[in-house]
Amino acid sequence: MDRHDQADAPGARRWIIPEGYIPGRSHGPAPELESHDACCVLNAGDQDAALAITLYYEDQDPVGPYRFTVPARRTRHLRYNQFDDPESIPRDTPYASVIESSVPVVVQYTRLDSRQAENAIMTTLGFPA
Amino acid sequence: MDRHDQADAPGARRWIIPEGYIPGRSHGPAPELESHDACCVLNAGDQDAALAITLYYEDQDPVGPYRFTVPARRTRHLRYNQFDDPESIPRDTPYASVIESSVPVVVQYTRLDSRQAENAIMTTLGFPA
Amino acid sequence: MDRHDQADAPGARRWIIPEGYIPGRSHGPAPELESHDACCVLNAGDQDAALAITLYYEDQDPVGPYRFTVPARRTRHLRYNQFDDPESIPRDTPYASVIESSVPVVVQYTRLDSRQAENAIMTTLGFPA
Amino acid sequence: MDRHDQADAPGARRWIIPEGYIPGRSHGPAPELESHDACCVLNAGDQDAALAITLYYEDQDPVGPYRFTVPARRTRHLRYNQFDDPESIPRDTPYASVIESSVPVVVQYTRLDSRQAENAIMTTLGFPA
């Protein structure tokens, strides 16, 4: 990576995650074992990334943008559970998300589901669009 | 995303998921903890997406199309368990799926396996072809 | 998919899965809940796919090819546990696999780990190379 | 793969994994069931791969490079838990990683989480950048 040429920063400016669902129950100590969806964002470049996340639902219009900053050369693991502006996300409800960034970033999606006594986890890269 | 130019809608018109297997048993309350395969589809564009899903098996000819609509600017999380036209999907049987859409969409595959007392989950993006 | 033009069959002729590890223990009834690694292959085209799988290890030369056929318009979910020609795969040992095919296919990797009382699962698409 | 032309070795020279988190607790016998993050690297080419891994955090400057070698025609499954030069990785702390290689390789990320009595697993390919 050429740290002096932002155009070479790795990643894409738009990422899509079709899966989203925050389980409404949890077992185990919060926050670490609280059921959650997260998007993990890496900004390996030299400029701060301004994120705008839009959520899509099955039965209502999209909601957003949810705005976050990922500073230069930092990662942030954002939990959808904690999104609250413009509004919190309903539990036990399917959604999808589009993450737009002012500079290239890389996005990965992870869920921890602790509805039952033992937690389950899953992850995938987002789709760079 | 240029919402006025459908050609710019994110995604692809054909997606492939080689893995598929609906566990024949479940623990926990249905439908949330019923064992299932799902394909999560995001249509972030301005035109409704007409989906045609074809299932491939190990020992028989392909079955389909299964038809669904994902309205403009909506997501749908489709459970294979509930597919019934042209026919339901046998349990405990390997299959694969090809999802074709009239407009670009993004597709992610997820399984919840609750055959044992505690559920397990896994996910991956589909392959855009 | 143009079923009359094999060049349009979806996928790639070489896929790579860096992760591989067959857990040496299992709980629950075999074969469904036996710990396993699997590669799920979809051949959506009109010609049979001849597969040649080579396994890479940490401490020895590659082993293979393991040969399989995926008939036209069929899927096969191959369990590495059952590979035995030219030799079986040692348990509890890291490996990686390269899947080469005579025609384009799509490959997804899945593990079921039932070493503990409740099973865990994970999946990802392979890397088309 | 043309084994005589390294330019044809499959993969990429830079891979990104936005997700990273080493759970601070474990159940079950170590090392196999110790909670861990791993990056699985396949070097299917004919030249040894010199890896330089840089870790990104939420609240501090990047750390690295962590240096490893993956010999020609070998895989290595590297556990982040065991990284110790230039420093070990704090537990229960989000991070991301950039893997740079002297020759093309393929990288997959896997986590085993055994904080609760039954283990959970997840995996995804890295992002080739």
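Letters A, B, C and D name the chains as they come in the text, with residue numbers starting at 1 for each one.
Please note the rule applied: a contact is a pair of C-beta atoms (placed from the backbone, for glycine too) under 8 Å apart; a residue touches a chain by one contact, two chains touch by 3 or more.
This one's a predicted model, so the numbers in the text were calculated from it and none came from an experiment.
Under half of the residue numbers at the interface between copies chain A and chain D are found on both sides, making the touching surfaces mostly different. When the contact pairs of C-D are matched by residue number against A-D, A-C or B-D, more than half turn up again in A-D. Centre-to-centre spacing of chain B and chain D amounts to 30 Å, using the average Cα coordinate of each chain. Centre-to-centre, using mean CA coordinates, chain A is 21 Å away from chain B.
Shared interface positions of chain A, defined as residues touching 2 or more other chains, are 117-118, 120-125.
The part of chain A that touches chain D in the complex is made up of residues 1, 10-11, 27-28, 32-33, 40-42, 44, 73-77, 106-108, 110, 114, 117-125, 128.
Put simply, chain D touches chain A in their complex at residues 14, 16-21, 56-59, 61-62, 92, 94-96, 98, 100, 109, 111, 113, 115-118, 120-127, 129.
Against chain A, the residues of chain C that register as touching in their complex are 118, 120, 122, 124.
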